[in-house]
Amino acid sequence: MTGLGPEAWDAVRLSLQVSLVATMASLPLGILVAWALARKSFPGRQVLNAAVHLPLILPPVVTGYLLLVAFGRQGPLGAMLYETFGITLAFRWTGAALAAGIMAFPLMVRAIRLAFEAVDPRLESAAGTLGASKLQVFTTVTLPLVAPGVIAGSILAFAKAMGEFGATITFVSNIPGETQTIPSAIYAFLQVPGGENAALTLVAISVGIALAALALSEWVGARVATRIRGA
Amino acid sequence: SEITVFAAASTGPALRQVAEAWEEETGNAATIAPAGSSVLARQIAQGAPADVFVSANVDWMDWLEERRLIVPGSRRVLMQNCLVLIAHGPAEIAPVSLTADYDVARHLAEGDRLAMALVDAVPAGIYGKQALTSLGQWEALASRVAQADNVRAALALVALGEAPVGIVYATDAAAEPRVHVLGTFPDSSHDPILYPGAVTAEAAAPAAAEDFLDYLSSDAGHAILESHGFGVPE
Amino acid sequence: MSLEVAIRHRLGDFALDVDFDAPAGVTVLFGRSGSGKTSVVNAIAGLLRPDAGRICLSGRTLFDEAQGIDVPVHRRRTGYVFQEHRLFPHLTVRENLLYSRRVTRQRGPGDLVETARLLGIEALLDRRPGALSGGEAQRVAIGRALLSEPDILLMDEPLAALDEARKAEILPYLERLRDRAGLPILYVSHNLAEVARLANHLVLMEAGRVMQAGPPGDLLSDPALVNILGLREAGAVIPARVTSHAEDGVTELAVSGGRLFLPRIEAAPGTALRVRILAQDVMIATEPPRGISALNVLPVEIASLRYGGGPGVTAQLRSGGDMLLARVTRRSAEALNLAEGTRCYAVLKSVAVAPTDIGGPG
Amino acid sequence: MSLEVAIRHRLGDFALDVDFDAPAGVTVLFGRSGSGKTSVVNAIAGLLRPDAGRICLSGRTLFDEAQGIDVPVHRRRTGYVFQEHRLFPHLTVRENLLYSRRVTRQRGPGDLVETARLLGIEALLDRRPGALSGGEAQRVAIGRALLSEPDILLMDEPLAALDEARKAEILPYLERLRDRAGLPILYVSHNLAEVARLANHLVLMEAGRVMQAGPPGDLLSDPALVNILGLREAGAVIPARVTSHAEDGVTELAVSGGRLFLPRIEAAPGTALRVRILAQDVMIATEPPRGISALNVLPVEIASLRYGGGPGVTAQLRSGGDMLLARVTRRSAEALNLAEGTRCYAVLKSVAVAPTDIGGPG
Amino acid sequence: MTGLGPEAWDAVRLSLQVSLVATMASLPLGILVAWALARKSFPGRQVLNAAVHLPLILPPVVTGYLLLVAFGRQGPLGAMLYETFGITLAFRWTGAALAAGIMAFPLMVRAIRLAFEAVDPRLESAAGTLGASKLQVFTTVTLPLVAPGVIAGSILAFAKAMGEFGATITFVSNIPGETQTIPSAIYAFLQVPGGENAALTLVAISVGIALAALALSEWVGARVATRIRGA
């Protein structure tokens, strides 16, 4: 229809899958880490904070290379995952999701952390006096109040995951149907003279998807915000 | 005078060493800017301040030439390369010349991947696909290829043992101790691997640029290029 | 049920060092702005961890620095009405009210609908806190604490934002809570009418310390405290018993010094009550007054006369076994020749013993 | 200087529809929780844009829906003390107090040190709002509004969180502000003692509408409003003039119906004042009482007797050109044979006319 | 000293310069855009929001390519800038800063926007009644209260700028001393046999700089937060 071959459509499907899984799977950890960084002081807090930011600081290829070394089949973590759970990440779409998730993680955590820092701790104390355990305070008061930040963080992460290229291709290569995401396909098109049009079509699709997600998140975010402001 | 050389990334260090020798001899200065050939070609089309372009493949040089962005007549082949099949680990047997009888797939266990550069986009990948096709093995291997975004990344996959075998340039294989060469693909199995160079149409110092290319084609230049594993034109 | 508090804590320049016991019933913490009332309440709720000391509630140790005991906030079962309402902005009024039930999965005897009706917030149940007026929000906060079925109610100036009519509705409810099942209440207030009505025990705070503590009757009729409590608010709280209701709507009460006639009180004959008689509402007459609308005249003896710096005199009047307080001018005292031991009459208008000043026995 | 407000606005189910003028001096908005007081104040400050209507301040149109006039908030020069303090958390107390000066680059006559001393917050100047008690924060908020040199002060229950002693210090200051340069004040309050003391004009609100508006003397002594205002708070506010100060600390005042004796008032002879006499503080005697500590006895004539449902009777007493209110029991009224036209005596204890109930002439 | 040649040190200096300039120069616009997105509704709000997020969604090479097409000397914007102001971005360090700034912009804006959304509008109304114009309310109340978000956004942007590679090399190439930032230099090292060690040294330097900035921002942020909480 658009002059794109079936491989390109595979890439679209795969990118969606990878980005969604990366965002969803990293969300619980992202919330936990954001909360710990915003609220707790513990030994290693600064180390955790640094680790979270690393993927942002490092050139993506370096992150991809480190992932390869750690999570590849020969890597210590990769071997352990394979032997213990039978999970292989290298050259799999799951590895692409891991790479995208890690690259997007700092964005997700920062957004959620800011939201945690904005929650009025007096509301949490009030919940405590009403009999809510720490965990209940968290789930019934804190979490609903950070919802806008969680939405913002998730959409940032999703957008980043849709666009991630360097770490992904370095870690899981480009295997059509398995690890060839939209950015990999775009990159390939751009390497050859005359590939620009196909690349631009894919760019348009990618942008369309991400903007739809963005619009959805704005809409949900606005609804959540009005609820919290309380009209 | 000073020139800027837009060099295909894989040629960067060799060119830098040549540049140092050239600077010593002529008192000129050369800055080597390494990046992918496609990136560099497009940038030259957008008026990049490059005096010399060294491409890793012929297509992008053709593309510039069609657009009259290089000085006619300055184009020449600077160096050549060979394509090899490599495997992880130290050498066990001497390299062979690869023929249709050589079953590449036997190095791949269930789930293993053959590491190559992007087979439709990056020169090393394109040459590799041609070679496997002419050896009649592409059909069988196509679905088992892990395509890296550049040939160095393919090399890294084999070096780390993530892929047991891969297809890279001889120059890459020579410098990586964690891999060994299983065999060399015959020149006839793929288009010649040529690195063309030319003076750009908007070069600020065309004379020096021409001189640099000449130096690359001189014996002194050839010696340096060969020390990096490149072949040089007769 | 009783509360024992003995804690020390530093907050910047401010040093809190309080030690008091609160018996069953309502204990009022009274003191100037900044004297440390909220800090004490926070310590009891577990929101402020004192530097040292002990807090026990009905035999349960909530905090003991020496023994390293510090019961977590949510296990203390304190129903806290904060000075600022602290409603959950993301929940509706109904969800705020039912919050405690939701997290503790316990359904106590308190009833949402009844509580909401009492507080006049039935119509607001589906709103969010952002759409409430100041007083409405405070009422929801009271309801939320009440419905948490606490072991103690901590109320930090809960009625300050409410109008008199609303207060008059809520106070009896708090009294019922206090009396039913003996729910202890620690109540921070600036308002001595509330104090006199509700308090079984009064703790006067000043600059982080307990100045004096005891039954409100004693403290409020202590001439030495008149200046601290404010001239207008000094008065006696004395026990009384309902004897009969007359047809014209007047209720007769027996006090140790005689009889009092008040506008009808809804309490069966025999009920024990406390009545508050402000010093400024008592006149002293040397002969029984005649032809005057005041129904209440008690024979008394002057126990003490305390001259302040100004034109006023505070007289302590022995009436049976109780003490009344009266504020008169120096001029009157001299004109009437008042002295310690003088036998005279305390004249009080029946309506001066106002409904909001009558509390149960506590 | 005067304020004219005539606005309509919907907030969810709540309909605001008010129309009142506020003359110079203090106008008190009085009404139950949720009756729309804060909404009216917000509209005047420009924080709520009414659906329709007009707001004029001293001839300046602040808002006119029909003409499309809507003066921006910061040009309205309203000093607003909010129901919640709204201090700037990132600024120290001092910076909060000086905020208006900083942004308007104007230095008015108000003095930081003096204001801080008056409000008892000198020691807090370098703290941040997070480290203040509830009452301290509210005092800072009052100071911040005062120091903004506004054209009108809007005060939404500013003293609710303060203790009596602190109120007694701040009220005279507000009175001075009102009297000096005629700064108009719109004051939301639940407290009729404050109302009587401060108000030149009283606006009674109920369910979004103005029930009645007028001079507090008229409204507070209107027997018809006794039930709305609350029995305890009904009373008359009458003009008086200081005539002399006696050596024993008693000040003599002239009222239209005779003389009053009060504890010393700091006002020069000749000063015009208003005194508030609560209905419950007035006794009726059919003969001049003798041997009694009450200094104030005024000859009066009964203008009306209003029997309520209960045991009480509200009597309106003509005293010279003024009206007093008295609450007596039905039993007393019958015993004394009271009827319209009866000539009798109003007995009030001098100290019952309390200092906080004396206001300037306004 | 570390076996790095002068070119590598040039790259370190240049990366610092590019990242700092990119962060600082985009900060005012970032604050403005974040404020507009958080507080205003205007036609084109969704378009602005989408535009801000685009660099996140697009693979970096595509962003670089679009920049090259727009701001190259032949590009419409590039030609205009050159003819009007004599400014050239293409193949200059200023272009690298533009690329880094654009890539970091969504991160900066999101963080600041969340902070704007958390500011209690009642404090702003209070400032208005005290005579502060809208602009003064903004500078004296809103801005100080969003300071933690501004710090968080800036550090995210700085870290991202330090790690940015794809768009930069595509737009301004990899010219040592002019446009070769740390990531580009790492790329160059990784393209050649035996370059790994030099690459790792550069990675370490880059990580060190970014973590120092991160630690500084945490420290400043904590101080600002305590000020705002008001102890």
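Observations on the structure shown:
The letters A, B, C, D and E name the chains in turn, as written, and every chain counts its residues from 1.
One rule holds in what follows: contacts are C-beta pairs under 8 Å (C-beta built on N, C-alpha and C of every residue); 3 or more make two chains touch, one makes a residue touch a chain.
Because the structure is predicted, anything quoted here is derived from the model rather than measured.
Between chain C and chain E, the least number of touching-chain steps is 2.
Using the contact threshold fixed earlier, the set of chains in contact with both chain B and chain E is A. The chains touching chain C as well as chain D do not exist; no chain touches both. Relative to chain A, the most remote chain by averaged C-alpha coordinates is D.
Ranked by number of C-beta pairs in contact, the top chain pair is C-D. Distance between Cα centroids is largest for the pairing of chain E with C.
Note on chain placement: the centre of chain B and the centre of chain C lie 91 Å apart, centres being C-alpha means. Put simply, the C-alpha centre of chain A and that of chain C have 57 angstrom between them. Residue positions 61, 187, 190 of chain A are each in touch with at least two other chains.
Each of the following residues of chain C touches two or more other chains: 84, 127, 131.
Looking at chain B, one finds that none of its residues touch two or more other chains.
Pairwise, the chains that touch each other are A-B, A-C, A-E, B-E, C-D, D-E. Chain A meets chain E in the complex at residues 46, 49-50, 53-54, 56-62, 106-107, 110-111, 113-115, 117-118, 148-149, 152, 156, 159-160, 162-166, 182-183, 186-187, 190, 199, 203, 206-207, 210-211, 214-215, 218, 225. Remark: chain C residues 11-13, 31-34, 37-38, 83-84, 120, 123, 127, 131, 133-136, 139, 156-157, 160-166, 168, 190, 192, 230-233, 246, 248-250, 261, 263-264, 280-281, 283-287, 289-295, 310-312, 326-334, 336, 347, 349-352, 354, 356 touch chain D in the complex. Considering their complex, residues 45-47, 72-74, 76-80, 82, 84, 86, 88-90, 99-100, 102-104, 127-131, 144-145, 148, 154 of chain C touch chain A. For chain A in complex with chain C, the residues that touch the partner chain are 122-123, 125-134, 136-137, 140-141, 144-145, 227-231.
Contact residues on chain B toward chain A in their complex (touch as defined above): 36, 38, 41, 59-60, 62-63, 111, 113, 115, 118, 120-122, 145-149, 153, 156-157, 160-162.
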